[in-house]
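Per-chain numbering from 1; labels A, B and C assigned in written order.
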């Protein structure tokens, strides 16, 4: 690992840490515009993080060490995920170990810890949130894996970097399987990032919460880390989606200039993606919880269809 | 004068006329005259084919050979006798208030159109048109099954439409696969669906595709034949429709569907080699026979019971054709004829019986002999005939099938005997009290129109005792062609 | 690896995938009017796919087939069905015998079976559209599943018609369509069938005051 590679990797991570709250702020602004209300400032998430970091932590009596360490673990997982996903370049030092299945595992690890932490205190809303989160995760993970298998079949490898390189450098061919996989991926990322129609991130009705219910007990820097981790998760999923389905513009080497050139394109793609997310959130209503399995079942179905279509239609000429 | 063209024009034109004029007083007579015309043309056509061999009509679109010409005559004959029976029968139904005049008009016009579609299905050379005609035959009779508009008849017609529709969709897929296999050999000239061309090249058709195609065709057309486990629509449809419709459905449509399977079997045997198609048909036939025989014993409605008897006999015929070879094919063809004549005769007698007693439940029908000896004897003799008692013709064909099975497929014989025995016991046990039991009903003052029944039964009796040589030769030729 | 697939083949594959997607969407659809619209959309996609095949192979009778499909399945039949729904005054939710996620899973199983069955045949064919035979068979089986698991009459009919769509796709994918006369006959059958069904629905509705086919399960062997 040479020095410039290390620098490039750190740059990518730093960009992720800095840009993730901006992405969340942008999505909130678009939602406000679409709903004809005045928007909070674009940098509002930063203000909130700043505020939270300067506040004291209040812990419940029964809180164990798990409760105090979970936010750090979750944050670490998300940073790792952002480091692995090739948002700017496919040739970063972490790339060889970046396996998509490992990536799903990293997300799963974060989910486990936050669910355990929510149940740690023993309040009913925490358990409620944990159970629902596990339900959604249980159904979303197979769908995500199927999407990944489809892309992996096309590029004959499960390494994210290889997938991106193969997809970026092929000719433009209409792949119906990728279309199905893309739609399935959208469904899954809506579910995993706790967005409408699965979960409303702006709700304050506890009985309808999934993600928010798990973090009700957190305060101060713990809450700041968890909110930041949520923004990083959205950033990571968006970058993953862009890398799998719209990979043009990602640099192939690890030169610093190449990375710098890739940043505006990434910013543009994320902005468009954020706007579309806001549109989806505005147009749809939140589903009742018992409909979530159907929603995710549809995602799974589409992903499997993409896989089957790939095997049937596209492997023979 | 081309008998064939005339034979098709009679039902088509009269069907159109009856759509408009079906409510006039002379409409039933028009029905009978049209059917008579059809039959005479069919007879003329038969004489022509017997004399000069197979021929094509309209270029190569229609092909008439020894296999389908006798089925054509049989269809026309049973169509004629049924129309004679249905004239006064349906008038009676109308007078009792169970039918209205517009519905009778629908009935008559659809009846003739149904005849037309069956004749087209039997004589066409194009397997795609065969499919179209089979589906059209189903469509023309759907509304007829629900003619009485009772909940039971609506349910029967719905099941008929949906299940036969699904079945025939499988048959379409089989036809597509067949066309695919044929196109590879015959090219895209449009001849690839013509049976005469296909028979010439049947050895070159790709075996994997043909086997898959035959499976779909057997399942698809087999649904219309009433092979188990796809037979669910048959008892309902045959029991709930008006009796003349039950007679033609049982007696004629099942034969046409089986004919379609036979044409495809010839191709499949040529492509895949003997054994595959035959074994499938034997398996289905035997299974159908057993299922029908056991369900027979549980029936309480007389028409349902005889519908299951139709399924049973169709299973037996399929088994016979599955065995293959000159003797078994001959027996199968003979049995098809006998079954048509006998089953329609039974339905005529049953129709009269149910009309007089007002019910179809067997427990409530008693003492038909006292009510009217003609009906009683008609039903009794018909039942004996269908159960395979000598000297009726059914005995001859069943005997041939059994002996052939004993010689070549001994494992099937106990199953056959068991099924036939169970059916015999069930039907006879139920019909005997119906005919000879005690009843307080008064005897009928006037004789019903019972001629068709005895006409059919005497034909069956005659053919059981003596088959004229030209008929034998005819059957032999057809049997040989079936392989 | 894939550089040799021409644009027309890609388009046909894309249309076939959309048809499969629509078949699943019909299977999951809860309401009747969108169901009929999905069926019309499927007919439209079918016609488009046939036209692309016609353009790329120069078989003129495929243009006529496509026109026939467009007229019948994308316009006439949906119009008849819409009129029926309006005159029968029904706007129900589609109930089904097993719940939607299970239906979907069974559907996936059927698709896998269909693809397996069709594989040896596709390998023997040499049309531009042969990959879509598996999809056609899958559409037929999905439509069949839809017919079995629905309890109201109109969705069963839509399933029946969707089966015809699948069969048409199978015909065009394996052999560039059947001879024209056969296709006309099939189209005629389908149309007459739809009309007869329309008449039939009124009879059912008059008798049972509802189009729930569970009313029609009383005939049993007893």
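What we mean here is this: a contact is a pair of C-beta atoms (placed from the backbone, for glycine too) under 8 Å apart; a residue touches a chain by one contact, two chains touch by 3 or more.
Everything numeric here is computed off the predicted structure, so don't read it as measured data.
Engineer: What is the shortest path, in steps, from chain A to chain B when you may only step between chains that touch?
Structural biologist: Steps on the shortest route: 2.
Engineer: Using the touch rule from the top, point out the two chains with the most contacting C-beta pairs.
Structural biologist: More C-beta pairs are in contact between B-C than between any other chains.
Engineer: Could you tell me which chain's Cα centre is nearest to the average position of every protein Cα atom shown?
Structural biologist: If we average C-alpha coordinates per chain, C lands closest to the whole-structure average.
Engineer: Can you compute the centre-to-centre distance for chain A and chain B, using the mean CA position of each chain? Integer Å is fine.
Structural biologist: Chain centroid spacing, chain A to chain B, equals 66 Å.
Engineer: Using mean C-alpha positions as chain centres, tell me how far chain B is from chain C in Å, no decimals.
Structural biologist: Those two chain centres are 31 Å apart.
Engineer: From the mean C-alpha coordinate of chain A to that of chain C, what's the distance rounded to whole Å?
Structural biologist: Each chain's C-alpha centroid was found; their separation is 38 Å.
Engineer: If you look only at chain C, which of its residues touch chain B in the complex?
Structural biologist: 117, 120-121, 124-125, 137, 140, 144, 147, 153, 156, 160, 163-164, 167, 170-171, 174-176, 178-179, 181-182, 185-186, 188-189, 192-193, 196-197, 199-200, 203-204, 206-208, 213, 215-219, 221-222
Engineer: Can you check the complex and tell me which residues of chain A touch chain C?
Structural biologist: Those residues of chain A that touch chain C are 170-171, 173-174, 176-177, 179-180, 293-294, 297-298, 301-302, 304-305, 308-309, 311-314, 316-317.
Engineer: Okay, in this complex, where on chain B does chain C touch?
Structural biologist: Against chain C, chain B makes touches at 126, 128-129, 131-132, 135-136, 139, 142-143, 146, 149-152, 154-159, 161-162, 165-166, 169, 172-173, 175-177, 179-180, 183-184, 188, 190, 192-193, 206, 208-209, 212, 235-236, 240, 295, 298-300, 304.
Engineer: Going by the contact rule at the top, pick out the chain C residues touching chain A in the complex.
Structural biologist: So the residues of chain C touching chain A come out as 2-5, 9-11, 13-14, 16-18, 20-21, 24, 28, 100-101, 104-105, 107-108, 111-112, 115, 119, 122-123, 131-132, 134-135.
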